[in-house]
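I've put the structures underneath this note.
In the two assemblies presented below, chain A is common to both, partnered first by chain B and then by chain C.
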Partner chain A sequence: MPRTLLSIKDLRVYYETIRGYVKAVDSVDLEIYEGESFCLIGETGCGKSTLALAIPRLLPPNARILSGSIMFKNIDLLKLSDSELEEIRGRDIAVVFQNPMSSLNPVLRIGLQVGEPLVAHFKTPWREALISAIKQLSRVGIPDPHLRSKDYPHAFSGGMKQRSMIAMMTSCKPSLLIADEPTTALDVTIQAQVLRLIRELKEEYGLTLLLITHNFGIVAEMCDRVGVMYAGKLVEVGNVIDIFESPLHPYTKGLIECVIARRKSKSRLSQIPGAPPSLINPPGGCRFHPRCLYATSRCTSEEPGLIEVSRKHIVACHNYVR
Partner chain B sequence: MIRLISERIKLLSNNETFKLFLTYKRGIIGLLLLSLMVFLALTADFIAPKKFDEVDPSSRLLPPSIKYLFGTDHLGRDVFSRVIYGARIALWVGLLVVLVEAGIGVPLGLLAGFYGGRVDKFISAITDLIWAFPPIVLALAIVTILGPGLTNVVVAVAVVSWAPYTRVVRAKTLSIISREFIIAARAIGESSFSIMLRYILPNTLPPIIVLATLTIPSAILYTTALSFLGFGAQPPTPDWGLMLSEGRDYIFKAPWCCVFPGLFITLTALSFNLLGDALREVLDPKLRYG
Partner chain C sequence: MKKYFEFKKGIFSKPQYIRAVDGVSFSVNKGTTLGVVGESGSGKTTLGLTILRLIEPTSGIILFNGRDIMHLNRDELKWFRRSTGIVFQDPYSSLNPRMRVKEILERPLKIHTDYDEKTRSEIIVKTLEEVGLSEEHLMRYPHELSGGQQQRVAIARAIILKPLLVVLDEPTSSLDVSVQAQILNLLLDLQSKHELTYIFITHDLLTARHISDYIMVMYAGKVVEYSTTREVFTNTKHPYTLSLLSSIPIPDPKLKSRRRIEITGEPPSPLNPPKGCRFHPRCPYAIEMCKLKEPELLEYSKEHFVACHRASELDFTELLKDITSFFA
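Let's turn to the complex of A and B:
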């Protein structure tokens, strides 16, 4: 049995807005094991980024963590003070963001930024940090790292910026790397390269990867286990093969049927009817019931808990057996 | 040394911002005027024909001539020499005031924008209070307490006019703080202090530079005004404001005593304004790429 690196229990993150609380993450339990690649998948606005950013507590100021615990190496991250958290961020937990275009400081040279975590965490002298930054840049495939480390971010392409981000985030060899849709903003041709880089670094440094995406291709490519989120809830967790071969939750089934590559020729592209619900007043019972083809009266009134169907395959649905 | 300078110039002429700046005629005129003032201030010791406090009772209130380019004042001092030495004082004072203003205003703006909430409310309230006060009156009050003198005038003018810096920096901080690279900086474990210092402050520099060029003229005007009123520089300092004040009694008999210091005050203020105007447009990325 692999060791648990991160254990999230009953996490609720709400956003405070004028119209009320947006229940972005609602009572989510999740375990991530050491050394694995875990994928969070779900449509836009289902709370997957919120869940991921809640781990290093990088949420926007209007977010409220109402309950729960996030145990990372037996430390509850939610109970740490800001300065204790600053020590963990970047050293043990690193985050690669969605948009590399705006994730680098426009007025600092690339080399300085990539070396920054070493200076911040280990008080490495600048000269040494710069040398290791150049090594790190060449590791992520930036050509002429000696010269390019003196460039400012605007001189880099999107792919190079994302590579530099990855170089910066892995410079302290963290144990957990959270990648929040790391390739969404990139060209398709660059996406594969960046994903390969992440996978290589994961093997090399022994990272645990938490990848957030809405792309099943990336899931199949990168992950050991998958968690499917819908409307702030985790609805299904399982091995990547189980999820693809025998999805249990109707939402997961619907999502997989939507993948264009899996469509039989000439058949109409399938879709999930309806739209995702408002997270301010989510539907009662199972949150998916208004869009679910198999909904029963029980689904409208009673919220399904997570049921362990088989080892490591968990689903939140009343009538998963059909 | 010369090679180094020529390389620098080559580098500068390839710089996009600099190229864009060259397309603004106002900016060039401002820069030339300012360069002239700086040149006069730096070389005053060599180009001034007389010393600024050299009294010559035999040649009082002489009109401009070859010997006395700008004429002489009531004590027979050469107005041209005094005006040149005055440039030194005016620029130095303007620079000093702006430094003190930025020193007060920028940190406050950073704190207000970064922490928000109560800190922001408190700092913004003080800023509004200072802003609402008529600056000359407040400066007068402060100089009255501190006593006359150029240093005290610098302090007084800075204390009454740092508010724009706080506002500009606060607004810029607010717009930067929601950008992704600040979250990324927090994600690598940067402390609030180093985020403010290394990530936000450098990004607020362009508006600060523009604001500085726009507040130097008003700083110069305020200090000369206080000197004119007798609170600033004391005789025989060749301060332009003081020269105006001394020449006032002879304005009909010997207008050159007032005209030339006044002209130089105007030109200096104008040069900064023209330069600042052009800089604002050059440094504003919206106008640049929009």
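Let's turn to the complex of A and C:
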């Protein structure tokens, strides 16, 4: 039985806006096991980033955590003060974003930035931290790390910035690495390099990986288990083979078909009708029902809970089909 | 860059020919799609804009329907503009935010036709319906539409004059998978209905494969491989195409540990490309000659053009087995 590293229960994160509350994450339960690669997938605006960034509490100021608990190594992160959480962030839980410049400081040399977490969290002397930083930069594949560590971020290409951010984020060997679309802005060949780097570091450091993506190719290549989100809800969790080969939720089925059908040239792709709903006033019952081919009257009125179809496969649907 | 394009439409709908780069001629049948793939900065957009004469090539000629589009008189240019359309990647920035859908679609009709208001309205509504929208969207501004709906408006604008050729520059890249599927279906439907010829620019090889009959692979401003889609994917000849195929994440967890060649380094700046073969600093198969001499784009077998010194000796079939197995 795998050990649980992170256990999220009944998490609700809403955004306060003038038009009302955006129910970005609504009563989500999720367990992530030690050492696994877990992918969160779903279309734009479904709440992936909100869910993932609630863990290190890196949410925008108008976000409100209305309920829930986030147990990480037997500590409820939601109960920690900002300064207590600060300790854990960067040391035990690290985050890599799509845009590396959201973490890199444009006016600080790369080497200093990569070494800084060691100084901050482990009181490592700067001299040693800088030596570590150079090693770490070399580890992530920056050529001439000695010289390049003295560069400012703007002198780096997109791929090199992303590598540097990964170097910085993994310098304290965290146990959980959250990567939010880390390669979306990169070219495919560079994307392949960065994904491989993440896989290797994961093995070397025994990291647990929470990866957010909307690319099913990346899901297939990177992860052991998958969580599918739709309109603020987690609608299905299963291991990667099951999600691809026997998805249970009609939404997952639709997405997988959209992707897989590209095997055939010029065939019509099956498509999910309509578009995702507003999260201010999401549809009642199952949030997917207006677009669902399997919807029954029950779906319009009663919200489906998560059903454990097998120990490893969970779905939130009244009419899930095997 | 030398850009020679030739679109010849014979009287009896014979193939349209595209003559591209370094004087090699390619043929694309009317009503089919040429996919242009390559990474950022490889020159895909430049190529698309050049074909439409929205930017001037440094040298070369572009023939469309047998006419040299660099030397069109005013009437011919007007005819050329009418016969071509373009759709950009980011629908929002390509639609004027201060214009309603109706005005956006009316503009090309006003410029290029002398239809009266009533006829224009009819055409607009009909085109909107063709792209899966309805009268309800006529009076909306772009920001009142979803990304997918905006892209539908952009497509409607591109086809409203019934063009022969449409350049689609990453039309689905900014969209979600389910919306991508809707838009790709729409494009295929419109193509078969109106016999449209597409130039489909994308960095997504799976999408290119899905929609294209022919594929052109670009690297640092050069065409490195060109052939039928099938040939490019199953009988890949250029090491760069191979590395692209190795790099794309394949949506099949069973192929997770497939064999791949992973190239190091990053694409060069198109302004200052490496000497010799532009790919040589990253190429796992480079030999001395690659540093010195730029390979020409040569016809390696029928309709299969490759710009690589080692094209005739390298065989990637083994390496490609797993990927080819993914495709039906």
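Rule of thumb we're sticking to: the second predicted complex is superposed on the first by the 313 of 322 C-alpha atoms of A that agree within 3 Å, B and C clash if a C-alpha of one lies under 4 Å from a C-alpha of the other, contacts with A are read in each partner's own complex, and residues count from 1 in each chain.
The rule we apply is simple: a residue touches a chain if its C-beta (ideal position, glycine included) is under 8 Å from a C-beta of that chain, and two chains touch if they have at least 3 such contacts.
It should be emphasised that the depicted structure is a prediction, and the values quoted were computed from it without experimental measurement.
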- request: Identify whether chain B and chain C fit side by side or clash on chain A in the overlaid structures.
  value: fit
Query: After lining up the shared chain so the two structures overlap, which partner does A:K312 touch, if you call chain B first and chain C second: first, second, both or neither?
result: neither
Message: Is A:R64 touching anything from chain B or chain C once the two structures are fitted on A? First, second, both or neither.
response: neither
Query: Between chain B (first) and chain C (second), which does A:P56 come into contact with in this model arrangement: first, second, both, or neither?
result: first
Task: Could you look at A:K135 and tell me whether it touches chain B, chain C, both or neither (first, second, both, neither)?
output: neither
Query: Among the partners chain B and chain C, which is in contact with a greater number of residues of chain A?
result: C
- prompt: Once the two structures are placed together by chain A, how many degrees is the angle at chain A between chain B and chain C, based on Cα centres and rounded to a multiple of 10?
  reply: 90
- prompt: After superposition on the shared chain, which partner residues are touched by A:N105: those of chain B (first), chain C (second), both, or neither?
  reply: first
Task: Have a look at where A:F216 lands relative to chain B and chain C in the superposition and call it first, second, both or neither.
output: second
Task: Determine, under the contact definition given at the top, whether A:I272 touches first (chain B), second (chain C), both, or neither.
output: second
Message: On the combined arrangement from the superposition, state the nearest Cα-Cα distance between chain B and chain C in Å.
response: 18
- prompt: Okay, in this complex, where on chain B does chain A touch?
  reply: 116, 179-181, 183-192, 194, 198-199, 202-203, 205
Statement: In their shared complex, chain C is touched by residues of chain A numbered 43-44, 141, 157, 159-160, 187-193, 195-196, 214-221, 240-241, 244, 254-256, 258-272, 275
- prompt: Which part of chain C faces chain A closely enough to touch in the complex?
  reply: 39-40, 146-149, 176-182, 184-185, 188, 203, 205-207, 209-211, 229-230, 243-244, 246-256, 260, 262-264, 266-267, 326-328
- line: Contacts from chain A onto chain B in the complex sit at residues 56, 58, 61, 82-83, 86-91, 94-95, 97, 99, 102-108, 116-117, 120-121, 165, 168-169
